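This is the structure I have questions about; it appears just below.
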Amino acid sequence: MATLARPSLRALTRIPPSYVVFAVLLVTLWLLKPAMMNPNILATFAKQVAPLGIVVLGQLLVISTRSIDLSAGGVILLVNYLISSGFFGAWHPLLLVALCLGVGLLVGTVNGLLIGKRRASAVIVTLAVSIILMGFVEYLANGKPPGNVPMVFRNVYNARVLGVPAPLVFWFALSLGMSVLLAKTVFGRFVASIGSNPVSAHFAGVPVERTVVIAHVMAGFLAAVAGLVQTASIAVGSVRFGPELVMNSIAATILGGVIFGRGAGVWGPFFGVLSFALLFVVLTTLGVQEPGKLAVQGLIILLAAIFYGVRNSTH
Amino acid sequence: TAQEVNLMNGVTARPGDDQMVAADTFKKAGPWKIGMSHFGVNANTWTVQMAHEAESAAKKNSNVGQFILLDANLSQSKQVADIEDLIAQKVDAIIVTPVTPTSADAGIAKAVAAGIPVIVHTGLTETDKYTVDIQGGGKHFGKVMGDFLVQKLGGKGNIWVLRGYPAHPEDINRYAGLVEALKGTDIKIIAEDAGKWQYDTGKQVCEAFYLNNPEVDGIWSSGADMSRACMDVFTQYGAKIPPITGEGNNGFFGQWIESGIDSIAPEYGPEQGAAGVRAAVALLEGKPLHKRYVYEPAGWDIEKAKAAYRSDLSANTWFPSSLSEEELKSFYGNN
Amino acid sequence: MFATLTDGLSTRYSRHGLWILPLAVGLVGIVGLAATADDFLSPQNLFNLAAQAAALLLVSIGQMLVVLVRGLDLSVGAMVSLTTAIVSLDASPWATIPGALAAAVLVGLVNGVTVVRLNVHPIIATLSMTGIIQGVTLFIRPVAGGTIPEIVTTLVRGEFLGLPMPVFWVVLAIALGWKLIHGSRFGLHLFAIGGGDTAHSFGIPDRRNTVLAFVACSVFAALAGLFLAGRIASGDPNIGTQYAVDSITAVALGGTQLAGGVGSLQGTVIGTVLLALLANGMNLLNLSAFVQTAVKGLILLAVISIQPRKSIGL
Amino acid sequence: MTAAPLVSMTAISKSYGSINALRDVSFELRPGTVHALMGENGAGKSTLMKILAGVTTPTAGEIHLKGAAVRFGSPREALDAGISTVFQELSLLPNLTIAENLFLGREPRKRLGGVDKATMERKARETLRQLDLDLDPKRLVGSLSIAERQFVEIGRGITADADVVILDEPTAALNAADVEILNRHILALKAAGKGIVYISHRMEEIFRVCDTVSVLKDGRNVSTVPLASVTPKQLIALMVGRELSELFPPRAERQDSQVVLSLDGVRLTESSEPVHLKLHRGEIVALAGLEGQGQRELIRSIIGQHHPFAGAVEVKGQRIDLPVSKNSGVRQLQSLGVGFVPEDRKDEGLFLDLSVAHNVAIGLHGRRSASSVAKGYRDTVAETIRSMAIKVASPESAVGSLSGGNQQKALFGRYLALGSDILLVEEPTRGVDVGAKAEMYRLIRDFANRGGAALVLSRETLELIGLCDRIYVVHDRTIVGEMPAAGATEHAILEAALHRAER
């Protein structure tokens, strides 16, 4: 008890659980398969979760303002459709990218206005928006099922920057940007204030509604970016998008120490996402099949959360 | 029988089963209202096309006044509800593609009791109360692929297995086909995981297999998107692609033809959607049908694939199809 | 004008949530459907509706208990699947049914204790629990199938007093929900715990009650699983997938606030009926399968947007 | 005074980590007496009573209730043993009705185990009548004013039929008339032979109703004496450890004639009379009157948190029609140099888990565009902490770790750092001890002397008289009188309010 009061140790208890999980998994992999502890191999796996990582950036932002965004799945599906349907086959790829980002901004704005201005339930608004987007894609796909993704997207996806896969560089750069935004700008101060106490924030002159709306707009935008990366990686259109990505984005965010109204750290969730990638590798390496994978993954997240929760409640 | 109704190329009466639906049992004057409970229209691009094939076949027949397509969205309980809703609307025939082997049983029994003929395809059921059943058989599909690997590897070697969605009956059946093909051979499964029939999950799994141990003699993949993903992994690392199984999909055909690898495409055509409608129409027209049909064609080799391949259509086109040229162009044309 | 109306209503219904608005939407829907779809008011269709709503109603009532104490249970869907898997095992119903209920109690206890004692956020606790249950379910029932004891199928598919059984499940669910939420100290205490941090100082065992809410929620999910097992006559490891999201949707549609302390059983019933009506109505109106999803989303969005709350949030 | 003690706590110690909240404190409560507990913020009063009420457990020490050793694991056990508590922090649940709040945890039951609502509401109505409250027991507590809530809280404590009643700062949110009602009830409890513990920072009340006083300082019991034997001055000296020279700072000699803020024909409701009010540079002006007569609504109308029927406000020559936007009113007025200091600093003012630096600088951030780089404002924050003498280890410490008085200063500091020259202040010293009160008064007066102007409302009329320059008396949602604060009395203010009411 008494030792916890020491500032250095107190700081230790604030480390997001994701750091611990990541470190433990890394050591496990090293023990199991030293050959896989190779930067190239690890980068390959990290690349697989880049879309999740980008969704998480938006998720941690809205969760920091006590909201939530479940619409990323719908946005990604629509982006994937817009690019692969061939509807805009004649468009320059950059124009196509702009269209997709515009869709993300629009969806984020609708979410933001309904949640921030109209004060409707964030869970249901974003869920409904996601359902609408998926339904919209189903409707469009009826007229024209999605098809091929233009080659440029794949080429960009497979490119390397200084030997590092482009999606990883991109994800890291976005994370850095978000981290700077939260730590160094007035907007970041607004987010922290709302997370701490929205009523106090209002009386302190923080534009609460506007900040919440902007957070959602950015989350929508980031979901569209994630959709672009995801589409480039799949290289073909699809009509369905599993709910796992959105749920995992919430889990990674919370595992990263950002809980409704507390946090606004970027690197905790960042390592949360990497932990997901690593967990997949470790379990596949061990030959664990789907049922075991689900159970073990659940157990590990639960244990990490418990470990963290217990530490935090004892001081 | 004298004049067999041709439901679809490759669909034949089940050998050794001579149960028939007598002529005129369900004969009715048009226009008919036909209902279909689809297990999940938007599960993937194959299921979308299968729905299109059904709608297109219905449109081609002027006696079909209304074709109601309900989407169970992969939910058993929604399928039960959908069939109930179709019965409540007093449709003249119901086509069911079951979510699981039991999800439609109660509905089928109810419909048949209400005098509505029921045609089942693309998925097994446990009940035999249906009027007509057309079964492709995942087991056959898996065995065609398994046999191909056994033959290519000379009955000996190590393979990877990429499976579909966990607990999905189709996945279980295809896998059972593989197991049967491997029986008595020296082929060992050294890595196996669920790629969920998706490109991205398939790629994740394949990448993990590859980085763990790239030495492999053959790959059994339960779906075309996963095959493409796995081929991309080998290409990405500049390695030679081992024999790998595919499927009747335009995107896969393109990659197959281009790379010239060893592969086989077992046939499982979305045209089954049309076959179901044709069966319903035949019943309402009063034609006699067998109670049970099977759909177990041989796998496609690269020559057949080359003949079918359409560079002007998108990767998401599946074969064989009975969509008109016009429909194919409008759905899958690269405009 | 509209804003003042909803503001006024919010104050008026601040304890039980704005269930009156979705009720109005539901009534309009019923009248509209009765006018346009001939078969809507047929007894056959109404019984179908009851059967289609019963499972979701059970899950939603359980979900609501947890939501009232500021929780959220994402593992209800997996619990539904697990129950169908257990009762489809080849064993005596006198073992499997109590076994499934015991499993539910255990899951609820773990969820509750993890949240309350071990200080874990409910979303994380129940999301991880979902994975664990799903894994176990796939292990004991890798593929849909098995047989369901006759007692269960009779209780779901049979008739009693000339009425189909699902009607009684609905009535029972509502009666049980009413007793728990509005007719007992337990219910009042759940409202109290959700209303602020101070329930403990009133001498209410807040932690124990919260754990009990999680347990009750899992048990309700297990009852829904039992019902579904009887309805589809088999076990299915994936059947519950939709129920977590659907139950939260139904609860929120009915005016219950996910921030806790505000809600009502009638709201939850209305929310559930609204979702069932939506599916049934669109089928009866022959809306294309390709637009049903989008229409469902739009209606959800509309109904939730007419229920603004005091503060921004979940 | 010779009766055996009802409660005796001996050698109680309590530590939170390295903080020693209580050290070896002993305390005795006799039946039929009112026992005051006094001390500065953080002295340990609430902690001692929380131990008695079963909310927390002591690190060491013993409790005897009517001679028998007891140890309470939960508030429930304490209540069952006959100890009823009105906690300092409002603990009522806003989503329950008055009746439910009154009986929560001990609801009357029906035969089948359900809650007997009818009985509960009937009993609640009786309780409310005893407290002279004209409220429907079915009303939700969330819709009550703070004072009404405080009364329900008190009602809960005194109707529990307990032998020991603990009242922890029950009057922090009450005005003089309400305090009268409460005092009557305390005396009735006393006459019924119960033991009452009374915690308050208001000297007059202590001397009016209490028999004995125990003074805590830094977690230790400094002394326990009969109140009859001490003077207020001596008591303060015991608490603070020094003589407090003067509670209120001297008023300014000269006043500027420039009007910086005025209300022009503000009508709070359609039927209420218009309000005209002026605030000059360098002036501190009070809104006084009975509780709930519209003072709060007037102040909150200016920043858009109340929706008046009509009127306008003029700030330094700029006229703004009311109502202003609820969403952006605070920001709009802040940009004109008007700061609003809410009464409820924990729920409406501060970010308890964030640093003092953040709490102070947020106003400055709010003035700039969201996309701009956040400045550190280190010097401004350091200067604010220094000039206001906020006791804090580092600007990075969480504001929630400060004592009430220092939290209040940090909140004030936000507006001073922002350079506001007009302050709208609700309850400048709620729940703050005498020492901190004196500091707050000095801060507000310094602010005015530097050219600022403040409009203040408070339930403590004496505070308004001592602190302000001029007093407006508010009654029935309008201003019914105006007087200079120098020479004003509580009586005169009450007179002004009620004289108007009789007309």
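Lettered A, B, C and D in written order, each chain numbered from 1.
Here is the rule we use: contacts are C-beta pairs under 8 Å (C-beta built on N, C-alpha and C of every residue); 3 or more make two chains touch, one makes a residue touch a chain.
None of these values were measured; they are calculated from a predicted model.
Taken together, chain A and chain C share the touching chains B, D. Sorting all chain pairs by how many C-beta pairs they have in contact places A-C at the top.
Distance from the chain C centre to the chain D centre is 43 Å, each centre being the mean of its Cα atoms. With centres set at the average Cα position, the gap from chain B to chain C is 35 Å. Shown for chain D are the residues that touch two or more other chains, of which there are none.
Shown for chain A are the residues in touch with two or more other chains, namely 134, 138, 141-142, 199, 208-209, 290-291. Contact with two or more other chains is made by residues 41-42, 166 of chain B. Under the contact rule defined at the top, the touching pairs of chains are A-B, A-C, A-D, B-C, C-D. Those residues of chain A that touch chain D in the shared complex are 1-2, 4-5, 184-190, 192-193, 196-197, 199-211, 214, 262, 315.
Every residue of chain A that touches chain B in the complex is listed here, in rising order: 33, 36, 41, 44-45, 48, 84, 86, 89, 134, 138, 141-148, 158, 230, 233-240, 242, 280-281, 284-285, 287, 289-291.
Taken in their complex, chain C has these residues touching chain B: 39, 42, 44-45, 48, 51-52, 55, 138, 141-145, 157, 228, 231-234, 236-239, 241-242, 279-280, 283-284, 286, 288-290, 292-293. Only residues 53, 55, 74-76, 79, 85, 87, 89, 91-97, 100, 104-107, 109, 113-115, 140, 142-143 of chain D touch chain C when the two sit together in their complex. On the side of chain B, the complex with chain C involves touching residues 38, 41-42, 51, 66, 68-71, 73-78, 80-82, 84-90, 100-103, 105-106, 126, 166-169, 172.
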